[in-house]
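Scrolling down, you'll hit the structures one after another.
The two complexes that follow have chain A in common; it is paired with chain B in the first and with chain C in the second.
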Partner chain A sequence: MTVPSEVAARTTPHTVKRGASSPRDRHRTRTNAPRGRTSFWPYLLVAPTVLLIGAVLGYPVVRNVVMSFQEFGLRELVQGAPAFVGLANYRELFADHVFWEVVVRTLAFTAVNVVLIMVLSTLVALMLARLGRVLRVAVMTGLVVVWAMPVIAATTVWQWLFQSRFGVVNWVLVQLGLDQFQDYSWLANGSATFALIVVLVVWQSVPFAALTLYAGLTTVPAELFEAARIDGAAGWALFRRITFPVLRSLFGLIASLEVIWVFKCFVQIWAISEGGPNDATTTLPVYAYQVAQTLNRYDLAGAVSVITVVVLTILLLVYFRQSLRQETNR
Partner chain B sequence: MQTLTSGPLVTKTYEVNVRKNRFAASALAAGLAASLAACSSGTSEDPSGEATTIDVWLMRDSVTDAFLDEFVADFEADNPNTDVNVQIQEWDGIGQRVVSAIASNDAPDVIEVGNTQVAQYAASGGLTDLGDKVSELGGADWIPGLAEPGRIGDAQYGIPYYAANRVVVYNTELFEAAGITGPPTTRDEWIAATTTLNSGDVQGIYLPGQNWYALAGFVWDEGGDLAVQDGETWKGALDTPEALAGMDFYAQLQALGKGPKDSDEANPPQVDVFSAGDVAQIIATPGAGRQIVEANPELEGKIGYFPVPGKTADEPGAVFTGGSNLVIPVATSHPDEAYTFVAALAGDEWQEKLAVAMSYVPNKTTLADVLADDPGAAAMAIGAHNGHATPNSPEWAAVEANNPIKNYMTQVLTGADPNEAATTASEAITSALSGG
Partner chain C sequence: MTPRPWTRTVLGVAAVITLLMSVFPVYWMVTTALKPTPDIQSETPQLWPSTLTLDHFATAFAADGFWTFWRNSLLVTIGAVLIALVVAALAAFAVARLRWTGRRAFVLVVFAAQMAPWEALLIPMYVVMRDAGALDHLATLLVVYVVITLPFTVLTLRGFLEAIPVELEEAARVDGCSHLTAFRRIVFPLLAPGLLSTSLFGFITAWNEFAFANTLLIKHQDQRTLPVWLSSFGNTFGTDWGATMAASTLFMLPVLLVFAVLQNRVTGGLTAGAVKG
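Showing the complex of A and B:
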C-alpha cells in the first residue's frame, strides 16, 4: 500500500524543518507582528547572541583562516609578524600523500560510524516502542546514563577494558580459551585500534539517536500502522512504507548531526591512540592537532582545519539540497 | 629528553597544575593555539613594590621535597623581597605547555626544559639570551652536553641544570638468590644472568616495550643511530642493519620479564613495579634507587647499580646523556629576580646538594667529586664515558612530541615485520625532522 503524501505531511513533526516555510505558519507569523513597519525588537533581542558567537567563534575562525595563508610556526607564534604566503600551505598539503590518506580515512571513518549509529539506534528505537513499561524505562535509563557519561571518563574506562596486561577483555578472551589474547596489545594493531574507536564512538552516539527516533516514533499515529496492517503490511514493509517515510526528515536530521559529530570526533581518538599506530586512526581533526602541536606548523594546521570545514559543509550541503528537493516535490 | 626518571611522586606538588590539558580543545581550535596562548595564569605582583613573586616550573623528579623546601627557604632568606612559587610539571605533554608559556605575555619566570628540547625553544626567539652571564656563572666548566643545546652562536639561552644517564638498577637479594655473584660486564653475561633470574615469580628484568632511551643505547652500540644527517636534511635511520640489530637485542632482553609491550617506563611507573620486590632489574637513572626505597623501605640496602653492559667488557654500553636546562622566557616580568634564582640553583653550592640528593651529575665537570661515595653515581659515571645525544636537530623535539620510535618498538615486539615497521618509523622521523 502507499501512504497518501498529504497524510504524511500533516502527521510528521515537520515543524523541525518546515517551520515558517509552510503557508499556514507564515500567515500566523504575519498576523502576530505589527503590520507595515519593520520592528527592531527581533534584531535587538538576537544581538547579544550574535555578538557573543562572533567573539568566541567568529574571531578564532577568522584568525584561523588568515593563519592558513601565512607562514606561521613557532617563531611567528613567539615573535609575531607572520608573512603572507598566499596558497603555499594549501599547495603543500595537496601535494602530500599523507594528507590525502587522512582525508579518505576520515570519510571512511565517518561513513562506517554513521551507518552503524543509524542502524543500531533505529533498531533500539523500534524495540523501545514495543517494550513493556518496565523494560522500556530500564533501557531508556541505560541509554541516558551512557549519554550523560563524560566522554573522557568513558574513554578512560574503555582504555582499561582493553589494557594489554590487566584489561578485562583480554582476561575474558583467555578464559574462553583464546590463548592468543594473553597480553594482546590492541593498540599496536591499526585495524584493531580503528575498530575499537568505532565501537566506542558508536556506543556513545547511539543513545541520542535512539531516544530522538523513539520520540519521533511516538508521534506517528497508531491508525496508520493499523491501516497498513489491515492491508497486509508487516515487519520490514511496515518500516519501509510507513515509519521511514513519515519520519524521513527526522532521520535526515539525526544523520546529519551524527555526520558532524563523528567527522569532528577528536577526544576519543586522541585519548585512546593519539592517531596511531602508524597513523591508522589519524582523521582530519587529529591530523590538524598533530601538525599544530607536534610540528608547530600552525599555518598548515590552519589550512587543514579550513579544509575540514569545507569538506563537512559539502557533505551537509548534499543532504540539505536533497531534502530541499523533496520539499518542493511535495 | 622526555623522562629522566620515572617514579612515584617523590616531590610534593606545590600548586595544582592548572595549565595541564590547556589544549585539550577541539582540533578545529588547533590552529588557534596562538590566540589562546595568552591566557595563562598570572604572576602576582605587589603594587607597593615590597615583594615580588616569581613563578618557577620544575619537572617531575627534578628535585626532592626536602631539597626544594631547603632551597626555597634559603633563597627567600637571601632575597627577602622575592617569593618563589614552584610548580612541578609532568614530562608528558610538556612541549606544548612550554611553547604556549613562552608565546604568552605572562610566562613563568623560570622554566626547566629538557636538553633535547631546549634548542627548539631557543630558536623560537622566546628565551632570554644570557650570553653575557656565562662567565659569571662559571660557564667554562659546564658539561658540554648540557651547554651546547642551549647555545646559538654566542647567545646562551639555556643554563645547564643537571645531567644523568641510565644504569641498571638491580635487586641484590634476588641476584644472590639466583647465585649470581657479580654484575655482568658484557651483553652475553647480562643475557645469561637475566635468563637465570627470570624464573618463577621473579622477573629477570622489567623492561617495558617503549623505553626508547634504552633502545637508542643498543642502537648506538651497534654503530647505528636514530637519524643521520645528509647534507642539510635529516633522515630516520631505524631501518639500517645496525639499528635493527639494536632492536633485536632489545626484544631479546625485553622477553626476559613481564614488561608490557605497549607502554613506557612511566606508565605504570617502573620504580613502583620494582619496589614490589619480584623484579630483579630495571634500566633507570640512579635516582630511582632512592625512590624505590621510599616506596618500599624493606628494600633498603638491597639496591645495586651497574653500568649498562656493552658488547665487550672493555667498553660500557652506550647510553643517552639526559639532562635539563634552566631558561628565562623573554616574556617574564621579573628578569632580574629570575636570573638571581637561576644563578642560585645552577650555582656550586646547590648543585652539590642537588647531586647528592638526586644522584644527578652536577652541571660542572669540576663538581663531579661530590658523587664519589655514591654507588649509583659511580655506575653512572662509568656509563657516561659512552654517552650519546639525540640527533642534533632543532626539530628533534617534534619527534619526541609524537614519538614514532615508541610505536615502532611496540609493533616489533608484538610480531610485526621489523624491516617494514622500521621503514615506516624512519619515514615518520624524517618527516618530523623536516618540519612538516
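Showing the complex of A and C:
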C-alpha cells in the first residue's frame, strides 16, 4: 500500500508556504542570480520530470477519455482507426443493470470497510494512549509489522488462513461450535468471499489509521481531559465531547483517505477472487479490468475508468478541502 | 490519574487481543513455512510448531524460474528507484532553490500526479504501451514505476532541500562553484538522509507493485516479477502451502529490512543533518 505518498501530500502545504515567503530566498535571487543566467537552467532541470509525467501519466489519462468516446474493440486495438461514437459507451453503461450493481457494490464495499477501519482504529488508538510502555511498544511494533506486509504476500496468506480443509479460520470457527464451517469453502460463496476481502482490507488499513490517530491523541492537552473528568464526564461522553471535537479534522482526513484507498482497491480483490464468484466482489476498478480483458471492450473500460477517476477526483477535492481547513485553523 | 485495577485488566486483555489479531497472519505464514507437510495438513492445526524444517524454502528456491523472478524484481525496483532519484533531485533543486516563471504550476502538476488514481489507468496504459510496441519489456514496467514514485520523491526532496541553509551553497558559489557543482559538493551530502528515505519508499512501492506488472508483461513467463509469480502460486506449488508460505516469507523479507533501516538510519541521519545546519 502506498501510504507514505499520500501522507506526504498532507505535509506539503507547509513547504509551499515556507518556500514562498522566505525573505532569505528572495534576497538571494535578487543579488546572486541575474535573471539572464538562471532563465534556462530551471526548465532544463524539470524537463525530465515533466516529460515522464506527461508521457506515462498525462497521455494515458487523455487517451482514456478519448477512448471512452470511441468504438474501441479488438479490431481497433489491432488495426487502429477507431470511430468516434459520442456518448454511446456511457449510454450503454447506464442502461446496463450490471453496471449499476457494480456501482452499488462498490459503494457498499467502501462503506463497510471505512466504517470498520475507523471504528477499530479509533478503539486501538484510544487503547494505545492508556497502555503502559511495554504493552504499547509491543502493540505498535505489531501494527508496523502488519503495515510492512506486502499486499500480495497478504493475499496468499489469507487464502491459506481461509483454506477449506486445513485453514486455521475454519478450525477456530468449528471449535467455537459453528459446525457448518467444517470444510467450508469461502471462495465458492459470494458473500463469504466479500467478507474475506473486507477482513483483509481492514486488517491492512488499521495500522496506518490507528498509529496516525494515536499520534494525534498525544497532542491533545491533558488539562482538557482533567477538566472534563472533574465535570463528571467519562467514557463515551469524554470521547464525544472532548477527544472527537479536538481531533475532528484529523478524523476527517483519515476517513477521506481511507474512502479513496478502499474505493480504488484493485490488487486484493483481483489476486484473491478476480471479482468472483459470480461477480460478488466486482467493484468499479475490477469491472473496468474485466470488461477490457475478457470482453475486449476497451471503450467501455475507458468509460468506467473515466467515471472512477471523476468520483475519485470529487473525493480528493473533499480531502483537500479538509486539509486546507486544517491549515487555516492552525 | 491511575486507572483502577479492573480497567487495567480490560486494557491488558484488549492489548493482547489486538496484538494477536494483527501479528497472527504473519506468524502463521512464517510457522507454516517452517513446519513439515504432515503437520501443515493436519485436522488440528499446530499453533506452536513441534518440528522445524527448511524443506519448503528449498522447494521455493528450486521452483521453476524462481531466480529469474527475483532478478526481474530487483532489476525493475532498483532501476526505478535510482532513475527516479536522479530525475527528482534535479527538479527538486529547481523548485527549492531557483526562481522561475511556471514554478508554482509545476509544483501543482507534481502534486496532482501524486494523487493519480493509477488503479483506474491499467487499461489505457495497456493500450498506450501496446501502440508503442512496449508491451512485454521489463524496461516499460521500470518507466511506469519511475513515474509512480517520482511525484513523492520530488516533493519530499524539495522539503529536505529547503531545510538546508542556503548560506552553505552561497559560500561555495563565492568560492567559484557553479550551481550544479555547489549542489553536488555541498547539498548532496546533506541531502543523504532524504535520498535514503525516499529511495526506500520507492523500493517498497515498486517491489510490491502487482497490477501493472500483471497487465504489461503477459506474453513471456520469464518476464514476470515476484508479485505476479506469487499471486499465481497455485500454478507453481499446487496445494503445497508450506512452499507458498516460504515464498511469501522470502518476498516479505526485503520490505521488513527496509522498514528496519528506515527506523534506525533515517531518524539518526535526520538529527545529524539538523545539528550541522
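Just so we're on the same page, the second predicted complex is superposed on the first by the 243 of 330 C-alpha atoms of A that agree within 3 Å, B and C clash if a C-alpha of one lies under 4 Å from a C-alpha of the other, contacts with A are read in each partner's own complex, and residues count from 1 in each chain.
What we mean here is this: a contact is a pair of C-beta atoms (placed from the backbone, for glycine too) under 8 Å apart; a residue touches a chain by one contact, two chains touch by 3 or more.
No experiment lies behind these values; they were computed from the predicted model shown.
S.K.: Based on the superposed arrangement, let me know which partner A:Arg63 touches: chain B (first), chain C (second), both, or neither?
M.R.: Touch status of A:Arg63: both partners.
S.K.: Looking at A:Ala301, would you say it contacts chain B, chain C, both, or neither? Reply first, second, both or neither.
M.R.: In the superposed model, A:Ala301 contacts both chain B and chain C.
S.K.: Between chain B (first) and chain C (second), which, if any, makes contact with A:Tyr43: first, second, both or neither?
M.R.: second
S.K.: Which chain, chain B or chain C, ends up touching more residues of chain A in the combined arrangement?
M.R.: Comparing chain B with chain C, the partner touching more chain A residues is C.
S.K.: May I ask you to decide whether A:Pro277 touches chain B, chain C, both, or neither, giving the answer as first, second, both or neither?
M.R.: Only chain B is touched by A:Pro277; chain C is not.
S.K.: In the overlaid three-chain picture, which partner chain does A:Gly142 touch, first (chain B) or second (chain C), both, or neither?
M.R.: second
S.K.: With the two complexes superposed on chain A, say which partner A:Arg133 touches: chain B (first), chain C (second), both, or neither.
M.R.: Neither: A:Arg133 stays clear of chain B and chain C.
S.K.: Which partner does A:Leu52 reach: the first (chain B), the second (chain C), both, or neither?
M.R.: The second partner, chain C, only.
S.K.: Of the partners chain B and chain C, which touch A:Ser185 in the superposed model: first, second, both, neither?
M.R.: After superposing on A, A:Ser185 lies in contact with chain B but is clear of chain C.
S.K.: After lining up the shared chain so the two structures overlap, which partner does A:Pro285 touch, if you call chain B first and chain C second: first, second, both or neither?
M.R.: In the superposition, A:Pro285 touches chain B and chain C alike.
S.K.: Under the contact definition given at the top, report the residues of chain A touching chain B in one complex and chain C in the other.
M.R.: Touching chain B and chain C on chain A: residues 59-60, 63-64, 67, 72, 77, 165, 264, 266-267, 285, 288-289, 292, 298, 301-302, 305, 308-309.
S.K.: For the complex, give me every residue of chain C touching chain A.
M.R.: Against chain A, chain C makes touches at 1, 3, 11-12, 14-15, 18-19, 21-23, 25-26, 28-29, 32, 40-45, 87-88, 90-91, 93-96, 98-100, 102-103, 106-107, 109-111, 113-117, 119-128, 130-131, 143-144, 146-152, 154-156, 158-159, 162, 166, 170, 173, 179, 201, 205, 207-208, 210-211, 214, 226-227, 230-231, 233, 241, 244-245, 247-249, 251-252, 255-256, 259.
S.K.: Can you list the residues on chain B that touch chain A in the complex?
M.R.: 23-24, 26-35, 37, 95-96, 99, 102-103, 120, 123-126, 258, 260-262, 330, 398, 401-402, 407, 410-411, 414, 416, 424, 428, 431-432, 435-436
S.K.: Give the list of chain A residues in touch with chain C in this complex.
M.R.: Its residues touching chain C are 1-2, 4-6, 8-9, 11-12, 15-16, 18-19, 22, 24-26, 28-29, 32-33, 38-39, 41-43, 45-46, 48-50, 52-53, 56-57, 59-61, 63-64, 67, 72, 77, 80, 123-124, 127, 130-131, 135-136, 138-139, 142-158, 160-161, 163, 165-166, 168, 171, 203, 206-207, 226, 229, 264-267, 270-271, 285, 288-289, 292, 298, 301-302, 305, 308-309, 312, 316.
S.K.: Applying the document's contact rule, which stretches of chain A touch chain B when the two form their complex?
M.R.: 59-60, 63-64, 67-68, 72-75, 77-79, 92, 98, 164-165, 183, 185, 187-189, 264, 266-267, 274-278, 284-302, 304-305, 308-309
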